[in-house]
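Okay, got some structures for you below.
Each of the next two complexes has subunit A plus one more chain, namely subunit B in the first and subunit C in the second.
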Partner chain A sequence: MSADLSNFLMVWTQPDFFALTAIGVFAGIYIGAIPGLSVTMAVSILISFTFSWDVNPALALIGGIFMGGVYGGSRSAILLNIPGAPSAIATAFDGYPLAKRGEAGIAIGISTVMSVVGGFLGIVALAVGAPAISEFALLFAPRDYFLLAIMGLLLVGSLSGESVAKGLFAGALGVAIGMVGLDPMTAESRFTFDTIELMNGIPYVVAMIGLFGISEALVQLHHLETPLVKQDVSRIVPPWSLVRKYLPLAFRSSATGIVIGALPGTGGDIAALMAYDQAKRSVKNPSHPFGHGAYEGLVAPEAANNAAVGGAFIPMLTLGIPGDAVTAVIIGALYIHGLKPGPMMMIETPHLFWFTVGNLTLATIFLLIFGLMGIRLFVKMVECPKGVLIPLIVILSVVGTYSIQNSVVHVYWMLGFGIAGYFLKTYGFEVGPIILGMILGPLMDASYRRAVLSTQDSFSLFLWDLVSNPITFVLAASVVLLLLSQTPFWRPARTGLLRVMWRRGGGLPSL
Partner chain B sequence: MNILPRPRQPGETIFAYLLLLFSLFVFWEAYKISGFSSASSAGVFPMCAAAVMLFASVLTIVRTQRATAYQREPGLSKVRDFRNKIVPANIIVFVALLVAYTIALDAAGFLLSSFLFLFLSIAYLYRRGPLVALLIAAGGLVVIYVVFRMIFTVVLPKGWLFQ
Partner chain C sequence: MITRRLLGAFFAAAIASGPALAQNYPERELTGIIMWGAGGATDVVARAITPSAEKALGQPIVLQNRPGGVGAISTAYVNSQPADGYTLLYGAENPQIHKVMGLSQIDYKDFFPVNVIARGIAVVVANNNTPWSSLKELVEDAQKRPGAIKMGSTGPGGVAHVVNTMLSNVTPFRVASIPFDGEGPGITALQGGHVDYMPVGLSAAAEHIKAGRVKVLAVVNAESLETLPNVPPITRDFPQFAKFLPWGPFYGVFVKKGAPEAAKAKLVEAFKQAAGNEQFTKMMVDRGNVMMNISGEEADDFLAKYQAVTSWTLHEAGAAKKSPEEFQIPRP
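Then we have the complex of A and B:
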């Protein structure tokens, strides 16, 4: 216990970790706030620079950026009606109308405070939930990991982008790219085309930087001229009465955020949208109608998206399955630092867990401090013209890619991913599932084959295993339900079921 | 099945067919790994992934064809339309600069090639005259070099021309 506490406090007491967390939060807020620079992009590019560091400082910086970035997007959503990050999409619905009414300062203030509330609740959930879940996860067999990974990919595929088919394609493409190289079990080469360069596979950081850095930069070339609006930001710190009034809603939204964040494959963006929707349905008398500058519409998504940060760390640290695109990137970084996220990581390296909890807590405090000050500097930063920003993103992407293995070939790969990503994005494909697929693919492959091998290579016994074991059965049933819910057969089946329940007099179930 | 929430973009149908072809190619390559030899062979999972890609790309083609077509300006050819909307001059010039930059990186090293890339692309995109572009490029590069080479001690390409 005392060891846990000292690990928790490590980031608070060592000046360099303390400073790195502060820098991370600060950088995260500004990167998240600049439209076109996403947290995922920032984390993917910056992570490559931390490869030569020790684990702890790298984690301190990454945790700070994550926390700051998820929040930072809200600022440009409020001031410019352009969400700086996907997690701030819901924030713009009511944030921008508030700014138009001349309440931009208060809107920023209240979203900061609620983000901090959500952030803290998420961390509490992480500190309590992760040890319990990792103990439970020790009972998981390879087939369960296989099912969990499928679930993650299905969730991210079906919830992001404009169609399920495109999400599935992106996820499967990622899995296929993740298979490139020598098979770790039999050393057969897969998709290597007899070239030595491909034997070790394609590092996902290379793909990540290409897909999130270069392709995003190319997309931004379409929006070079964004008109800027001057906003009144003289008063930032919100009155206490306003904060107290919305605390109950912030708690409810945080709970949603934690659960959504903890589901494999779903992160802050979906958490924020769900919380917004929930608030819209549950709040009877909002301060203004939703969509026209309701404080409720700002509180719910902001509390939820930062709560989802703590939530997203749960499956990442306990199961090794990323909660969203950013945690996918962080998992990649942990692997490179020689760690293996999963239930054993909590047992073998508990100090890293408590270090992370301490780091995120500190990051949330910095969020409050940086969030309520320096708005003037911020307004200057957001005005950075894209014609200057985009070339700089390219340079950073190149530096980041090259530094992984000092290989120019990787830079070519990165460029290829960037150009391919541009077309995929243009035609409505999300690139997030590709990264998730690249990371989950090898895990799915290995756990599927281990599961089949444990049944003496019999596929029918493997299928029997899926239904005969309680944990596995629940997971398998969830996967089947997820798949069914995406088919056209689902709707008639659902309404049919509703009708039956209705006739029996049980009232309408909440499906 | 609902169709696309937006009109079909120029080139979208061709892109969907290209994805189908790509998926077929991936499936064939996956099959070559170990065929259908056993339920746990190295090729099973790649084949599964390719099968999902195939299925999803067929669905995408169907949906794309059902979507309402994007209204072209009268008298504009399909190719022209694709050029205007999907790959305008901005994108072509920038990608050309990018390709030139990455090729030059290996020969000329990080500092020279990055400087040229920054200068040319900022001059092209920001359009505030060569002097402004020169100053921003030099300033930006100095900051990046100091932060990453000196503080983070990241190794940067030296270039074989100057060795």
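Then we have the complex of A and C:
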């Protein structure tokens, strides 16, 4: 116990570790804020950089960057409507409308505080429940990932804006774009036109930067003459009453974030989107309607994506299985430093667990400090003249896109998506569902086919699987309930026919 | 500022590519293209070997990941650069089957092997709750219940697919193959009981075997391994398998064919030294690899054998899109 405590406190008491964590968080926030620069990339560059270091300082730096980077994406999402990282996509939905209303300061403040709350909850889950949660995560079969993807795709309904039909179209378009590339299961080319550039598909980050960044810049060209919104920076740190009001939502969203983060194969981006969806369904009277600057629309994704950090470490530290893309890179880093990430790591290098918990805790505290610093300066950015801001957005988008895989083709794609996004927006289509489709479409596709392959291509056995397994049943029933609760005949059902409908609801998983 | 640097690099490239200056190679920084994405096995190997190679060369190597097209994007890119020895390719085994899989016309014949660093060894692992205690039992069970046993795989041409094809070439049997996004996700599904067994690189499975979370039925090698002394080689149950061995994934550093001799010599020397680095060797062996550290002709022979065995195996199983004959790949 005292050894655990001293490992926990190692980063706090050794000045160099302390400083490295701080540097990591600071750097992470800005890496996260720039679209295209990702935490995954930063960590893998650090692998060469820290090759000759000891493992502990390297981990202190990496942990800081991870925490900071996941949060940093919210900055550009709120201020410019360009999510700096995929985990901040949901943050843009309500964050940018808030900035347009002149409330960018408080929006960043709330995001920071809720990210910190989520971050802490994720760490608590890691510290207390790691072994149990990782065994639970292993139980998720391909069919469960399929159901999770469907649940996520139902979010299209919340993001459709003025017309559900247009939302569905955009979502379907995203799913179709997500199918481009070599089929992950058979290596068959899909929509590649025999070009090598398309074999790996179109990365959704490329589409994200174009659809959010460039198209927003183009839309802004129509409003060059409209006077700038004066940003209210009198209040940055949200008052305690406001924080307390949103704590229950933050807790619920964090729980989603922890589980999604701990599941191998899903990370902060999906966690944030699902938390946003949950919030939209469950919050009765948001401060403003969702999509028009609801504080709740910031609280949910920001708490969830930082909670997913702790969640992602859970299977990594206990089983050597990465919970998301970043922890996959960290596993590589540990190998290089002579450690052997795997189920034995807790036994062979027991200090690592509590060291990581201590490191992440310290990083979260720094997140609060650095996150609340410099907001006034940042907010000024949106107050600068459009003639300066719009070209800046374009440059940032191009540089960010190129740096993802050093590919000029991606820059063309990004610009193409930008122009397409402009026309889509002009005709009342929302761009959110496209990204959602691109992220979840491939997950749904591969998981469904894995699930059916597991039953020897028998669809009836697949249906039986949906009801015969506890986790799958709960997920399938939730999908059905989510669908039914939005249909017109739910209301009379709720009042009178509840029992009948329940029975029907349980028996219709194939809907 | 970025354009100025790019211009500078461009002029430097134009000047340095003159053969007269090759003696002073390397005069400027090199670029290293990594075939796979950040955090993958190839990426880890590349980033671990590079610091000591940089020291030996006296110039930095700027690393970039260019994943995609099962490695075809990186080979196409390096192949499109001038053959001046300033662009390195950090690659894995994949390009050797690109021709028969119809993915690309470029393979390692178009490159000079600076160093084939190490090869991995495959093992067949199974879920702990499965009844089999040897690979033979698994195969016999599969023959009794065709298609009912679930194998985790990594898609066509991956380790699982090739090993399984080789094995069914020796003894016919049929299983349901369920492809995952990589060896890691496959082993994860194996532990959750969503697949029954999986042939996989030892580096990905070693720690899970050690912890007893999966059981290992055979090593795909002619002899037992020091690290797994109690696990029989695959040739114990299936002696005919020997014709395919040694077989396994590998990692190497390449430059475009036609690079100046002086540059090639310098690179071979630098990477030989780097691959011999103690810390690096330890990491590689710990991950279940066999160090090779070979270059030039010796490496070419190894690459050719790998290509012949794998291409013909895939072709005979009907998994290849084009016949190896079309590309003059000799039958092993």
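Keep this in mind: the second predicted complex is superposed on the first by the 270 of 511 C-alpha atoms of A that agree within 3 Å, B and C clash if a C-alpha of one lies under 4 Å from a C-alpha of the other, contacts with A are read in each partner's own complex, and residues count from 1 in each chain.
The working rule: a contact is a pair of C-beta atoms (placed from the backbone, for glycine too) under 8 Å apart; a residue touches a chain by one contact, two chains touch by 3 or more.
Nothing here was measured: the structure is a model prediction, and the numbers come from that model.
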item: Touched partner set for A:373, first subunit B, second subunit C, both or neither; value: neither
item: First (subunit B), second (subunit C), both or neither touched by A:186; value: both
item: Which of subunit B and subunit C A:406 touches, first, second, both or neither; value: both
item: Contacts of A:463 with subunit B and subunit C, given as first, second, both or neither; value: neither
item: Which of subunit B and subunit C A:480 touches, first, second, both or neither; value: neither
item: Which superposed partner A:3 touches (first subunit B, second subunit C, both, neither); value: neither
item: First (subunit B), second (subunit C), both or neither touched by A:132; value: neither
item: Partner chain(s) touched by A:52 [first = subunit B, second = subunit C, both, neither]; value: both
item: Contacts of A:448 with subunit B and subunit C, given as first, second, both or neither; value: first
item: Overlap of subunit C and subunit B interfaces on subunit A (superposed complexes); value: 52, 185-186, 399, 406, 453
item: Subunit A partner contacts - residues on subunit B that touch it in the complex; value: 1, 4-6, 9, 11-12, 15-16, 19, 26, 29-30, 33-34, 38-46, 49-50, 52-53, 55-57, 59-60, 63, 86, 88, 90-91, 94-95, 98-99, 101-102, 105-106, 110, 114, 117-118, 121-122, 125-127, 136-137, 140-141, 144, 148, 152-157
item: Complex interface listing, subunit A residues touching subunit C; value: 40-41, 43-45, 47-48, 51-52, 138-142, 182, 184-187, 196-197, 199-200, 264-265, 319-322, 325, 328-332, 335-336, 338, 340-345, 399, 405-407, 446, 450, 453-454, 456
item: Touch list for subunit C against partner subunit A, complex; value: 2, 38-40, 43-44, 47-48, 50-51, 63-70, 72-73, 76, 101, 103-104, 147-148, 150, 155-157, 176-181, 184-185, 187-189, 191-192, 194-195, 206-208, 210-211, 213, 279, 282-283, 286-287
item: Residues of subunit A that touch subunit B when the two form their complex; value: 49, 52, 162-163, 165-166, 168-169, 171-173, 175-176, 179, 183, 185-186, 188-191, 214, 218, 221-222, 224, 385-388, 390-392, 394-396, 398-399, 402-403, 406, 408, 411-412, 415, 418-419, 422-423, 426-428, 437, 441, 444-445, 448-449, 452-453, 457-459, 462, 488
